[in-house]
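See structure below.
Each chain gets a letter, A, B, C and D, in the order it is written, and its residues are counted from 1.
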């Protein structure tokens, strides 16, 4: 029997109203120019890492069950010219290729909009869930994309800390694990940092295939709801966090026995932006090499009107 | 009578082979860690600007003729729960919204892949245009997205320099205009910079509507092919450049009387990445205010397998 | 000032409840095996006519404003084989082409589902309009497609009767016109017939182009609401009717000064199925030639789950 | 080791050139008005059966491996009105629902165009396979849809004849089986008939689910290439045939050890139209009841420009 998420989170910390009744970006309000500068100051040697996964591989992409990978079609390529279907008048021989994509906005590395998940018929900051009908009138990804997610990122390489290629299906990460991992890495977690948690889980998909990844039941490892964890996010004023899993948290919570309670406690209650499905191994290898785990994090989703989320290719600059 | 683009560009500078036969990112090779650091050093006060335009506005988006704006659909919203079409088992009352998009990959603020445009049946670096059939086997956006486009950006606010809201339909910008604009702005253009050229043209779309923008014939203002201009790009080792127009150059060249010759001379011959359809007015206002025209530019397109380009929301950090 | 459609139709005839509370096919219930045989008996010489318009022409398709024509993409063609993107293992050299379509279900010749249009928050037969959220739970096209629309069709060639290539923009057709046209054609309209009304309007699109067709304001000619017309449909037990316009009726009614009131009076109140956007000129020429205006009509939309309508290519067998 | 299909079919009968060099409908040319009348004469009691399968079921549709079922989205429903996203000016309170579909043209009950499958770089009637690039320039579904597929259909209920619910995975049906089944059913197969072969296979999908249907390897039962079978089709001047499987023939031929050789021998060489993925159980039950196995068959695919095939909902009128 699963518990009612509204009961579980009854006394959990909330940021509703903190930035006014019309606020739709939540804890990203913490990311002021000062925090951007703090991120810039973390840059040392100029190495860059792009954290997005490939989109539309013929062999498939990792997605939440029920979603499908992106479909990509050529609207124009050299074949159209060869078969006489297209000619570019006045181009003096210039030709071009063009294409379309059909995809779930959350079917790849992405940011969740704050209105993506809710309970009690109410989105972040008290907006009525009825506003989602036909598109996110409130708390869409658009204001997040206008603002950008830019600050000091810190990699927490839990897989390496636990000495594993990837965590076990459904394995829980405790707050303590995060803190001890940071300690062992020799990096200080500061208020308003953007934690990037590596479980290795997405690498399982690319290295062992989709059957190994999805298993009999979809059940990702990750952090989950606990009083101390959501308090820590609140006190640390965490604006956003990322992982290399589809949903950024343990699929079925050990604690609440419900699906994805942190989407309630962090996204909906605190307005913390979720950056999901990153590929972190190259960044992690580099951090292990040079012992430097912080960086300028630049996450810049697309300004999709009424979108529940947006594909993104986050950048880490060390 | 338009001239043959292959003749026009016969002696134009080329970067083919410079980074090996298999290179697919061209002048982005210039963006080394040192150049990233040079971009980071341009940051002073931590203000950020996101340059993407909104995607999928119900009233339409500005696109190249023949393309259409993005279509966005809810796969799940509160309405599905109300009408009993969906229930989330085991969620304890958590609900969510989900959505899909169908769009031209170049139907918004985007980067062109180096293989997007060609002539003489040959893409950048000598790859056969036949490789585009069914998807960009070579010179797709994917290697560009793997690398990222990160360096020192410099705004050249030509509209303000010419004291106009926006340039006139089809108006040409000369190399001299760029250089004198930089001078007047008091900013030094350095090798390997990423010039961001503001014509005001896209603002015409948003302020006066699509009839004013498209006119009787689509004919954007911008730079165009000239010997000195393509030499300057080559000598300055320009890795990428952006504008606030759909195609980054005068639609029909004054000089060659052909369509978009710079897509041949810069994209295909030199491997210079094009960042098109930016919204630059807020950034420009800020630069006019504080007199600071350079910034860390972070362009991070999506890793779309076989894509001719990718939507992107570039970030300028001042 | 437009009148409230609910007031206009307060005393209009209704078929709600006639075939039980769960009925979703309305007046198609009239099309029993006997009516099918009556249609079959109308066949004389075996000539056939397909009434659908082409779908996905590169130059565009005629649609209701706001909809767009179909987009068609090759998922596989000879180009994919040439560029090495696909190989068919074990086929002994057999190759194939495959494709996808993205389209409005009502963006071509189609049938409306009975739930497609409503007022007073209530669909045909009293179903709650809230059931449409996320897909037509009730009165979708699926039950109509299960049943088929098969009976005796009668062409009413109003354009020829009025001696015009096509009716004038916004022109009204009265019930009298229908009856006198039938008389002049020498064909008897019988109960449970499927009238196919030719205005010539869609031919304007194909012959003079989209500007001539759409004009400054979309305003099609056709029949419209009047007491006697909706009574006639009711008494004659008309199961379905077709036209060569986008919406089967005068766009803005002369009578009610509202948009498309027959969609309220016939589709929603009487459960009459609408077959829109047919191409009727070949059939009409043949009927004028041989003086035979009745035929076996076979309309067989697709069984689209939750669909508001379906593309169809109706057949007339004379 | 599979054999080369071109070798296998070297001496197989062909209809190329029979109806002129520009013919794109092949054996449908046999379906003259006389054959339509022969079909009409088969009608006795007016019962109708629609043979299409549902499209876009939330739980999935049966498709050829690599294709996906249809995706259906509401562009407008009651939810959009409730959340204030849409208002219909001048409608007097009329509201409506609208929707789009994204689907494989062959992802449901469909007709193959004659150019859908080829070998030796050549389509039916000698057209170059290069004409398929970017869309079927030749032998698309459009001319077939213009013509319609209308004639005398005959059900061959092989499953019932073999006393099975459905044939075994990969089971072969011989020409003799077809002829003996007709005999046992007491129906005469006449030249230019449209045979509809029931294997029961698609019922396995709906009754036992997709795992049972797809198995470890996709391997459907059906007829396959043999000299006598393709001769019989040729001599009988079969214009089209249908089945209740995805591809109308044994997936891997017992005889040629290649994939789908009948697509070469019948579709490409003889120009026989394939009608795939029908649901035949209701029709079959009725035929078993009344002992009448022939009917007027009306197949009317959509006029999709450049399409490799089209969804269709065939009708049988007994």
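Of note:
Just so it is clear, a contact is a pair of C-beta atoms (placed from the backbone, for glycine too) under 8 Å apart; a residue touches a chain by one contact, two chains touch by 3 or more.
In UniProt terms, the chains line up like this: A, B, C, D = Metal-dependent hydrolase.
Bear in mind the structure is a predicted one, so any value in this text is a computation, not a measurement.
For the pairs A-C and A-B, the larger set of C-beta contacts lies at A-B. In this assembly, the C-alpha centroid of subunit A (Metal-dependent hydrolase) lies 46 Å from the C-alpha centroid of subunit C (Metal-dependent hydrolase). If you average the CA atoms of subunit B (Metal-dependent hydrolase) and of subunit C (Metal-dependent hydrolase), the two centres end up 45 Å from each other. Our note on geometry: subunit A (Metal-dependent hydrolase) versus subunit B (Metal-dependent hydrolase), Cα centroid distance of 25 Å, whole angstroms.
Residues of subunit A (Metal-dependent hydrolase) in contact with two or more other chains: 74-75, 77-79, 82, 85, 100, 102, 130-135.
Contacts between chains leave no pair untouched here, as each chain touches all the others. Put simply, subunit D (Metal-dependent hydrolase) touches subunit C (Metal-dependent hydrolase) in their complex at residues 2-6, 8, 32-37, 40, 43, 45-48, 50, 52-58, 67, 70, 72, 74-75, 77-79, 88, 90-106, 108, 115-121, 129-136, 142, 145-148, 150, 252, 256-261, 263-264, 296, 298, 300-309, 311-315, 317. Residues of subunit D (Metal-dependent hydrolase) that touch subunit A (Metal-dependent hydrolase) in their complex: 68, 74, 76-77, 79-80, 82-86, 102, 130-135, 137. Here subunit A (Metal-dependent hydrolase) touches subunit C (Metal-dependent hydrolase) in the complex through residues 71, 73-75, 77-79, 82, 85, 100, 102, 133, going by the rule given at the top.
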